[in-house]
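A, B, C and D label the chains in the order they appear, each numbered from 1.
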Amino acid sequence: MTDRWESKLHEECGVFGIYSPDGADVVSACYHGLYALQHRGQESCGIAVNNQGVISCHKDLGLVSSVFTREVLEAMGPGQIGVGHCRYATTGSQVVENAQPLLIRHRKGNMALAHNGNLTNAGELRREYELDGTIFYGTSDTEVIAHTITRQRLVSASIEEAVEKAMQKLKGAYSLVITSPRKLIAARDPMGFRPLCIGKLGESIVFASESCALDAVGARFVRDIEPGEIVVADDRGITSIRTRCGKKGSLCIFEFIYFARPDSVIDGCSVHQARLRAGELLARRHPVDADVVIGVPDSGLDAALGYARESGIPYGVGFIKNRYVGRTFIVPGQEQRENAVRIKLNPVSETVQGKRVVLIDDSIVRGTTSQKIVKLLRDAGAAEVHMRLSSPPFLYPCYFGVDVDSSENLIAYTHTLEEIREIIGADSLGYLGIDDLVHLVPECPYGICDACFTGNYPVDPPSVGNKDQFER
Amino acid sequence: MTDRWESKLHEECGVFGIYSPDGADVVSACYHGLYALQHRGQESCGIAVNNQGVISCHKDLGLVSSVFTREVLEAMGPGQIGVGHCRYATTGSQVVENAQPLLIRHRKGNMALAHNGNLTNAGELRREYELDGTIFYGTSDTEVIAHTITRQRLVSASIEEAVEKAMQKLKGAYSLVITSPRKLIAARDPMGFRPLCIGKLGESIVFASESCALDAVGARFVRDIEPGEIVVADDRGITSIRTRCGKKGSLCIFEFIYFARPDSVIDGCSVHQARLRAGELLARRHPVDADVVIGVPDSGLDAALGYARESGIPYGVGFIKNRYVGRTFIVPGQEQRENAVRIKLNPVSETVQGKRVVLIDDSIVRGTTSQKIVKLLRDAGAAEVHMRLSSPPFLYPCYFGVDVDSSENLIAYTHTLEEIREIIGADSLGYLGIDDLVHLVPECPYGICDACFTGNYPVDPPSVGNKDQFER
Amino acid sequence: MTDRWESKLHEECGVFGIYSPDGADVVSACYHGLYALQHRGQESCGIAVNNQGVISCHKDLGLVSSVFTREVLEAMGPGQIGVGHCRYATTGSQVVENAQPLLIRHRKGNMALAHNGNLTNAGELRREYELDGTIFYGTSDTEVIAHTITRQRLVSASIEEAVEKAMQKLKGAYSLVITSPRKLIAARDPMGFRPLCIGKLGESIVFASESCALDAVGARFVRDIEPGEIVVADDRGITSIRTRCGKKGSLCIFEFIYFARPDSVIDGCSVHQARLRAGELLARRHPVDADVVIGVPDSGLDAALGYARESGIPYGVGFIKNRYVGRTFIVPGQEQRENAVRIKLNPVSETVQGKRVVLIDDSIVRGTTSQKIVKLLRDAGAAEVHMRLSSPPFLYPCYFGVDVDSSENLIAYTHTLEEIREIIGADSLGYLGIDDLVHLVPECPYGICDACFTGNYPVDPPSVGNKDQFER
Amino acid sequence: MTDRWESKLHEECGVFGIYSPDGADVVSACYHGLYALQHRGQESCGIAVNNQGVISCHKDLGLVSSVFTREVLEAMGPGQIGVGHCRYATTGSQVVENAQPLLIRHRKGNMALAHNGNLTNAGELRREYELDGTIFYGTSDTEVIAHTITRQRLVSASIEEAVEKAMQKLKGAYSLVITSPRKLIAARDPMGFRPLCIGKLGESIVFASESCALDAVGARFVRDIEPGEIVVADDRGITSIRTRCGKKGSLCIFEFIYFARPDSVIDGCSVHQARLRAGELLARRHPVDADVVIGVPDSGLDAALGYARESGIPYGVGFIKNRYVGRTFIVPGQEQRENAVRIKLNPVSETVQGKRVVLIDDSIVRGTTSQKIVKLLRDAGAAEVHMRLSSPPFLYPCYFGVDVDSSENLIAYTHTLEEIREIIGADSLGYLGIDDLVHLVPECPYGICDACFTGNYPVDPPSVGNKDQFER
């Protein structure tokens, strides 16, 4: 759930919004909603509050707990609409300029916008707009979205019409939450790459990336927003625009495998359930004679429990994770660097000593972390270590909001299964099958995106060189 | 492991020390050792470093991650001996004056001292010393220990002799790590209330409250320090003074039930194992016909697994704990206060919906938290909730280093079992038996302290009124 | 020089730029230059550094001393061009969004822009651009300037051509420093409302609002930039574009009376000299029989010295100003509020006791401060207090970069001279004459702006309502 | 008034106290009083507040403005007695442990103590107490004072009796403000090295190092505390104990020359007046044919005015001091280091160009600063520079609270007058005469201490080596 290793994948963002006709505390709701979505982005966060059409915004680098002090929250004052955002970003772009929500002023009023996802045609749109003399302040594609909507707004009767027209131009992944002077709008791209759902809290309407954020603010889950759907909350209640909704979708399967919180339900599927199933499917596909099944905390635990249940091998607690190791942790000097992993993750000897261990993790990116973890177990006395991954081998980059290395840095792209097993030092190695993926989320009414495993991109990826320049 | 609720018990402190004849990075070792001991005290922390007899100290309120920035660590410079400390404190005494290590200057040199535990005669000694004109700067009993040792030092040939004599005067619980100009000394009170162990890292000697801190710095566990033992590390290696060692001891059983990290081994007993056993014993003592066994994270998880194994009822993941909620979290306004618990702990509906649930927690103090947790499960659809506690009912205050309410505030002291069950809203309620306790740690060569359950204090408690005034 | 009272006037900004062909430390130069210009704006500050065409920027609310820590400066790295800015802003707009330099990305590259002054047609231009779908992020007119230049840049062969064309559209006061990928450009509006000068530091070219900033970085003063002039520094040295230069100018006379530092020389005139002259002219216009002449620190001191010299009455030190009172100073509770003024400014009794005192200040805005100061003197034993102001009565708002109240809040607009004298409690009261103003700066080759005293605006003021909405 | 150069002298501390029978806001008074005394110590500050006998204290490194935020002040709550302190310290001892007030707990209650000065027998007393087993936490002699008073308190009927007895043991300079549970006590050493005065604010009694702090809180000056006097404020009003008062005193003359604020009156003498007289005496002793007299801000300005008045040479403004340069200012890189002085202090060319300048400063310590200042004037076009110092040559270290280099580092000790003149580059050089000193403060009823000029120490200095070890 948190960025455990340097080589771990990263989600881009979490979004949250609330429309309160009866003056509920929208700032407080955004604050607590972001706490529940913090795992989706720990780099920067922000809240925009709309008080009678005057929108103000506070955002900064850092966790919700450090950006929003009591003083800041009190200074934000009351409002009827709130929009929250938390964001992940690579080191190079850790700049407050790219923090969200993005607050802009245009011809027909103000607008604050929060975005989760990644456009595939941000570069083309940016070039097009620059030819007209448009200025850009940051490098995020969210700014491109803001310009696209604003341009449509000038020739549209309403903000929702502008969003609807803008969606014709925008390609790729985007779950948006927007406040105009009098409305709160949520929109999900036609492929539904990223989750987005609706809740109700008294008379208030709530939008959030994951249902766990609804729980956190005491809202009742209503339903997921459909791929391609625009939902408008205003003084007439909720309105839905479905002109961009198709029959199909391509929900990112990695939301279930790793990104989302296990207590969230996305497009009808429980994340926890999906992970249990991944473990069960793994047990069927790659059975092994062993004494105990353990998971790598936190994301591997559920799959380990599923593997244990299906295989009949006892489930055990293999590691204790240090909850205090965060961004400010200082890696030890040369002599102790080898031990750094043990400060974060320490094996429970009693569980593994003399045992044949099945070790479940969600994925292998570069292999260095898996190598260290396997060694930890062997040092703790494990007789055998059988590694099982609750996802297929990672082979292709993602263009829809996940920070994936180019194929060259993915161990599964450059090595055979046997080579990887040898590198990480396991006695056996087994991945989830690509055809297993759909069975993780049988309740999902749309399709899934498995492009990072198959290379079958549901939307054309950007042309070469584009990713580096514009993604963030 | 962290302070989850306002009504949770609190350990006082963690201590760490390193003596490095060959110039290992003692500051870095203390830093990482404290990271591993952070769960024992999150209020303040400090490191004293002894460089050729010149001892300097940095300490402040806050977590290790915020007190020790890169800048601070670099400024601390090299040293041959380091002493670290982390501390819990009640709200009223959140003052940097009480932070440790305590650095003092006396007739025969300097001394830095870190203390885990609680004296029962701190008040008497304080009054005795004040009659001689002694000044106290803070309210901690650690200052009383420093004065006691210093007074003996004037009439002793060595610091270890002074510590040995001081132990005649000191009553209660204390695990000490002390640096004199040329030595590192560890001492454990004759009853061994609090843990303390020895490790080896290359040529360096390491002392720590728990073995997980040895793991974190890459040290090899050597042995526990015996109750009553003084261990001296200096240029001649390790020397042991056992004149205060008796046959018996009274190790705090709550170290196993709640305080210590599951990956630690204390006095020969694995903490994880002890918790598994508590679950097994609970399953035998209070069996129930149910569908799933879940634990309250983090301390209830191991016992839940033990209960599941023994009972044959499947183990499930019942709650997701928000890892980002810390000290700076701001409780929501009146209207949302009821939901505060869901921000910290959210049930996984799939696990409990329609199920008869066995819910394992480590203890009930006031009952308010248990009440909320049971309600969470019922709201998530649990058909039945059977609460099981991995400790006996809490009836008496602790005078040996645990922050326990007076009996009047302990629900088990003021209510019957049936009343408690009704208050918390469970379908059934079962505690671990007092005679089960010894079976949690069969390998422990000394006795255990179960005074908070039985009122049988191994050392006379302080006279009335003493606790409030002097404890911290 | 600093904002002494709540009712004091405020300058908008200070700008600084350096072009270094030989790799001088441009960040350090900007840092020290801003220290020297800090009196022109204490609300926010920023530095943009251009390293081989890649421009990065750090800016935040706060003084130079707090925004630019050693860590921040080191992280900014090397560069060939630097642009610095410090800014004043009214309370309502204390937002980091309006801090400068403004860093933008457009079709033909990046640009960082620092602006001192105020456009009179910002509202019109903003509306015009918004009709094209342009988005604005903040409320400052600097953003309007950036859009104006960018639009011209698309149809111009060079950045300087774009600036030259943009100047046709921009109305009002602006002294600009801009870095394009390869050039550093300075431009001053055709009326030259705000100062801007050129210096040389080795091979480096320096631009600054005041010459004191050249002194601070060790640069040699070369000359002032003419009203309407554009100066380009690039690898061919300095180029000047004078197509917008007219014969006339209207330099803000308040730069001499209050804003600028006395050690600066602006358009050929020494600020210190101008203040001495103001005092001399006051002495001739409003002589009085008195024992001592004192000034209100800091801006009244020079004029007091001039008055003393001309009148022959001894100059004295009347007040000690507390140098530690800044933004974070907390005004005392109700009972002590009356004394707040004495914490900031304490009379020297020995100087005034039993004396007939001539008190010189630079201006009266609302009168409340003058009232308090006169009372301080009387309490300290002054026999008579004759107030003299080194500027004419303030009657009209400024639209060119000074934060002046609307006429209704100006005491001189709503009251007669005698009424004012009575309100502030002085024995006599005398202002500088409007016809004295030109004699303050006899060396100035252009005219001066005295609109705040006469209402004769050299450029049409914005239409009603414009000021509130767009000024900052 | 502020520490202008690295080579400048430093005062140790400022003290403040208030006893309020009617519940005035004592914390607010301490806060504002410390603002007025900030020039006496900018390294750390603190306030202790006594609420019905319960004394709490907040202190930290930093200026009053940064240590006491609104939040901190509000958390300090109400009280009847307050004690404030600000402190200077050399780099090596910039530790919060040495910050004051010192809050201690002893047999007969609590006590908070603030101290300005320096004991000459701190080392002896410390050794004596350590032999009894006393522990010291810091290195300040204030801790020695606390122990001395506490020891007497055990055998005394009252705190004032204990202070009176302690004064028999304490040697050297000390102005103390102490709160016991029910009293506020001020005491000044029998030689009266450091100032201390009494004021009245409504029914409240105020003690302060300088009268300017009384002004700042709106208190009326009552009188100075006599050398050797103890003043007690309690519910019976004010009581005075004069058993330690002798006829003579030895007030530090440097309080007038440099340390104190010009608006303060000490022992009947105006600081401003004393400086004016220093200038007049200098003019008589070292006349010169010149065009303008200027002072080095801030402490040289008054003496320059005095010189100008006596000599008839016009007074001018020679330098502008940058008010924003403080502790966090970062000295420029190698290439610009020469200009650092111009960032802090810039000459006003108009004043000195082509002129024969008389330059007044308060003293020369090492000479490096004077050298730079003279060079600044020559670069600005001064025809001649005649340096005059408003104190005699500095020859001997101070043991009474001023941070003076050992004689070896004092330029006047190692060089002849002519050598110094040549080193600093002046055309002529003249010091105030030792016999002039008494004429600075003719109203002072006690003697003055001129030991730093004459070596005639009014109290025996500590034995060799003592200073380094214990002073701070």
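Note that a residue touches a chain if its C-beta (ideal position, glycine included) is under 8 Å from a C-beta of that chain, and two chains touch if they have at least 3 such contacts.
Listed by chain with UniProt protein names: A, B, C, D = Amidophosphoribosyltransferase.
A quick note: this is a predicted structure, and the numbers were derived from the prediction, not measured.
Q: Among the remaining chains, which ones contact both chain B and chain D?
A: none
Q: What chain lies farthest away from chain C once each centre is taken as the mean of the Cα atoms?
A: In terms of C-alpha centroids, the chain at the greatest distance from chain C is B.
Q: Could you please state the distance in Å, as a whole number, between where the Cα atoms of chain A are centred and where those of chain C are centred?
A: 48
Q: Mind checking the centre-to-centre distance between chain A and chain D? Centres are C-alpha means, answer in whole Å.
A: So the centroids are 60 Å from each other.
Q: From the mean C-alpha coordinate of chain A to that of chain B, what's the distance rounded to whole Å?
A: The mean C-alpha positions of chain A and chain B differ by 36 Å.
Q: Can you pull out the residues of chain C that are in contact with at least two other chains?
A: none
Q: Hey, which chains are touching each other here?
A: Final set of chain pairs in contact is A-B, A-C, B-D, C-D.
Q: Given the complex with chain A, which residues does chain B contribute to the contact?
A: Against chain A, chain B makes touches at 1-2, 24-25, 28-29, 31-32, 35-36, 38-39, 63-66, 68-70, 73, 212, 215-218, 261-263, 265, 270, 272-273, 301-302, 305, 309, 314-317, 319-320, 322-326, 328-330, 332-333, 335-336, 338-339, 342-343, 346-351.
Q: Provide the residue numbers of chain D that touch chain B in the complex, in ascending order.
A: Against chain B, chain D makes touches at 96, 103-107, 130-137, 139, 146-147, 150-151, 153-154.
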